[in-house]
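Per-chain numbering from 1; labels A, B, C, D, E and F assigned in written order.
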């Protein structure tokens, strides 16, 4: 899995969560994770979480750190597991940065001080790949729920360095997951 | 996924990591996680991690909390992802118990104070299921590497209550993972 | 698999055979079967059976008992097998109701007195699920072929009770199918 | 799927339920169903149904009509669905032969007059195929449960003709199932 | 796999590379390969190779021998392997026709005299099948790159006979591939 | 896919065709192809081709170039396609070496001058991987059928260089196959 921080500020509207968006926008082919920052404004018609659509839960944030992950040739269920493992990597990375136990994971969500929502995340499937979007508030101003921000609440100023270390850890975890399937004797 | 704490002290020798061990030993049929305590002594001939076999790394601990997970009808790669997510659940559960950031996850291993190994874990595949064994030292006395124990180092005395809450969280995570595959619109 | 009888009369036009129709129209998430009654009028542009499209076989019935089944994460071939097993369940249920051997199954079709078509059925696939529509004529008036009706020919008046018992049997068959994969030792 | 009636009387002991038994014993390569008659005596150590093993339910019948089905390259869950569809075919075939509604299917079992067990059946998996054994009592003398026989209770004397028509129907159903996956437009 | 030479001259525009094109245009249902001749003009908006789209590489040839292959129920990766094996079959067939080693395969491309491009090929996936288009220049006049033609450069005049023998070889290779999965004992 | 020429002369007896043989004998983990030279003597009890076992076709050659390929996490059918593509690579490589069209491929066999068998090959499956053995006679002395040898008949003296270029081409083909699945837009 390759990884890349896209330096241009890029709004996330939901239409980015399609197959080959990474290839078309960065030239990177194959399994990859790309990060960028920008506002988040996903209208109902662009949402893939049908529970949110039924509840008319829009997603809005003035500035987020966005991750888009695309992995080819695996089923949705495996994609959801990778999404959650990535959420756990983000949690660990932030806690390590702070040196304190401040972030909790519940499924694919991260919370600061138990109730302030730090993240949004979804995993879906295209005909050839699974796709994950995870967004972390940098500044939660304007979010529709009680929320926290990477910079405003957690003091993480160098968002690019933070993003790159998270992406590297995900790439390593994925490589190591595959490696674990190579070295094991089957049982009866 | 059902879960069960098996109260009898049960040594873990590696021969338990086979399909239907849970069914034959607890009567629970289908996807399940079972926990028990007992010594851990896996001889090279019973090990499924071929890297450990090549390195002649035996596994020994006087008293461990053991988890055996069996999930039917999924491929090994998905099993390894579940193994790692479970490792993350254990890490979170211990850190929450301690109220401090003491446990780190590296792949399928947990460390206390960066270097003391708390766990052993492996995921393999049978013809009908994936199987995970994760063991946490209760008392690491006699372990072949620098190690920490749930009770001796982390002060967790009620191992059964701890195990049950970890198993419940895994069962919820797995149910919620499946749920996430039901509610999402595919993309192009 | 959950099941539900939707009491509102609901026309079936073919556009209902899409992923998450059940979720959006009943709030039931995940594997499910839903039944309702209403006219059936599927225009060629909405048909998924391309053989029917080539033959310009439209589907029409003034009043049908409709079943829509959605099961996530399985391939089309498995969906077709479930469709046929459900057809067999309907056959058995009607024969049992009548106490006589009146209904025959040929593939995914049911016939009364060998030649009167009682049912239409199709199984297709969405990006995340398989989908089955099976319709049983209640009153075959207006059908384009020789046809029989549940109420008009077979005397089944309580269509809802009939539908519910069929759905319950399908849910049990599916649960029992999964159970059968848990309890069996593999062979060489 | 090819089909063949093996004319030699052949005892069924459970050891026949392995991959390539059909190929080695009849020369038929690939997806196939083979029938033969002979006593049935499966000892606990040869049983693949672990529920029966736990309950110490042995299988015994003085003379049975046996079917062995092998299909390559499909998962166990799909095999179980085929097993049940085949059970339904047997049920229909017998009821049609008798012209009466005498046989009921419950999962993979057939009953005569609600309580007399006519069949045993199991589906398992080898590394390359799924395997089904279904046995119908010809004469249930000596069976460990209340049982019925094809010839003794149902008056079917020409067991070979009966077996051949059942096998032909299974082969047609399987071909038609595949055909159904070729002709259908996917939906969103 | 059935095969068929469609005698009408048929332009290839890219819109033919969709599921069930073969069924709708020839009446052949299921796994199949169809050949025809005609001009090739694929505009960027119809191209499925996104690398070509990014590079704005259009595809044009005045007259080509086209093959369209559709195989149901297999993943894209397997489709790409079949595409390359078919490319190898074409290479062998031409070399055998010429009695000389004139054609080289590089991935899914064929070259004459190392540099003259003889073919275009792509493999993609629909919701129910994989689809392959392979086109061989008959007369490369107007091609955007240095190119060779079956008739103009290689002297193959009877294009239909050539096409039919290639299709027969592909059908045999596919049948033999399946056969190879039936006759092999698994190992540990 | 990694590749490696194992310089020690190593007899091939069939027992090498098991999962993780490459890892245990060369330390290479994961998808890999390894080549070595040595006599070939596979007794019936070690053969995985059951057709050969039924025909009592033993395999014997005084000196062969052996390739063992292991690829994890793919089904047998895909393995057989890779086996045949590798056979095609070997054919091309030898023809290129000779500058003449001397070698023909029929399925997984290579022939010199139409009738002299150059190769033996089989593809099978372990619980975690597919495994391919392909052997090319260096000196066919003692072979049970009319045979040709790489060195004796084709004049290829530097067997190691030849093997390494073949393995490199296979590794490139496999990487390029995966790449082809990343860059393609799906169709309807």
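Here is the rule we go by: a residue touches a chain if its C-beta (ideal position, glycine included) is under 8 Å from a C-beta of that chain, and two chains touch if they have at least 3 such contacts.
It should be emphasised that the depicted structure is a prediction, and the values quoted were computed from it without experimental measurement.
*Asks:* Pick from B-D, B-F or E-F: which interface has over half of its contact pairs in common with C-D?
*Replies:* Selected from B-D, B-F or E-F as the counterpart of C-D: E-F.
*Asks:* Just the number, please: Cα centre separation of chain C and chain F in whole Å.
*Replies:* The mean C-alpha positions of chain C and chain F differ by 50 Å.
*Asks:* Return the distance between the CA-based centres of chain A and chain B, expressed in whole Å.
*Replies:* Result: the chain centres lie 26 Å from each other.
*Asks:* Calculate how many whole Å lie between the centre of chain A and the centre of chain E, each centre taken as the average of the chain's C-alpha atoms.
*Replies:* Once rounded, the distance between the two centres reads 40 Å.
*Asks:* Return the residues of chain A touching two or more other chains; collapse runs of consecutive numbers into ranges.
*Replies:* Those would be 19-20, 23, 29, 50-51, 73, 76-77, 125-128, 178, 181, 183-186, 188.
*Asks:* What's the contact topology between the chains, one of line, ring, star, complete, other?
*Replies:* Here the contact pattern is something else, fitting no line, ring, star or complete shape.
*Asks:* Can you check the complex and tell me which residues of chain A touch chain B?
*Replies:* Contacts found on chain A: 17-19, 47-51, 74, 76-78, 80-85, 88, 91-92, 95-96, 99-101, 104-105, 107-108, 122-127, 131, 173, 176-178, 180-181, 183-188.
*Asks:* Hey, which residues of chain E end up touching chain D in the complex?
*Replies:* Touching chain D from chain E are residues 19-20, 23, 29-31, 72-73, 126-128, 178-179, 181-186.
*Asks:* Within their complex, state which residues of chain D touch chain F.
*Replies:* Of all residues in chain D, those touching chain F are 20, 23-24, 27, 29, 73, 127-128, 186.
*Asks:* In the complex of these two chains, what residues of chain A are touching chain C?
*Replies:* Against chain C, chain A makes touches at 50-51, 54, 75-77, 125-127, 188.
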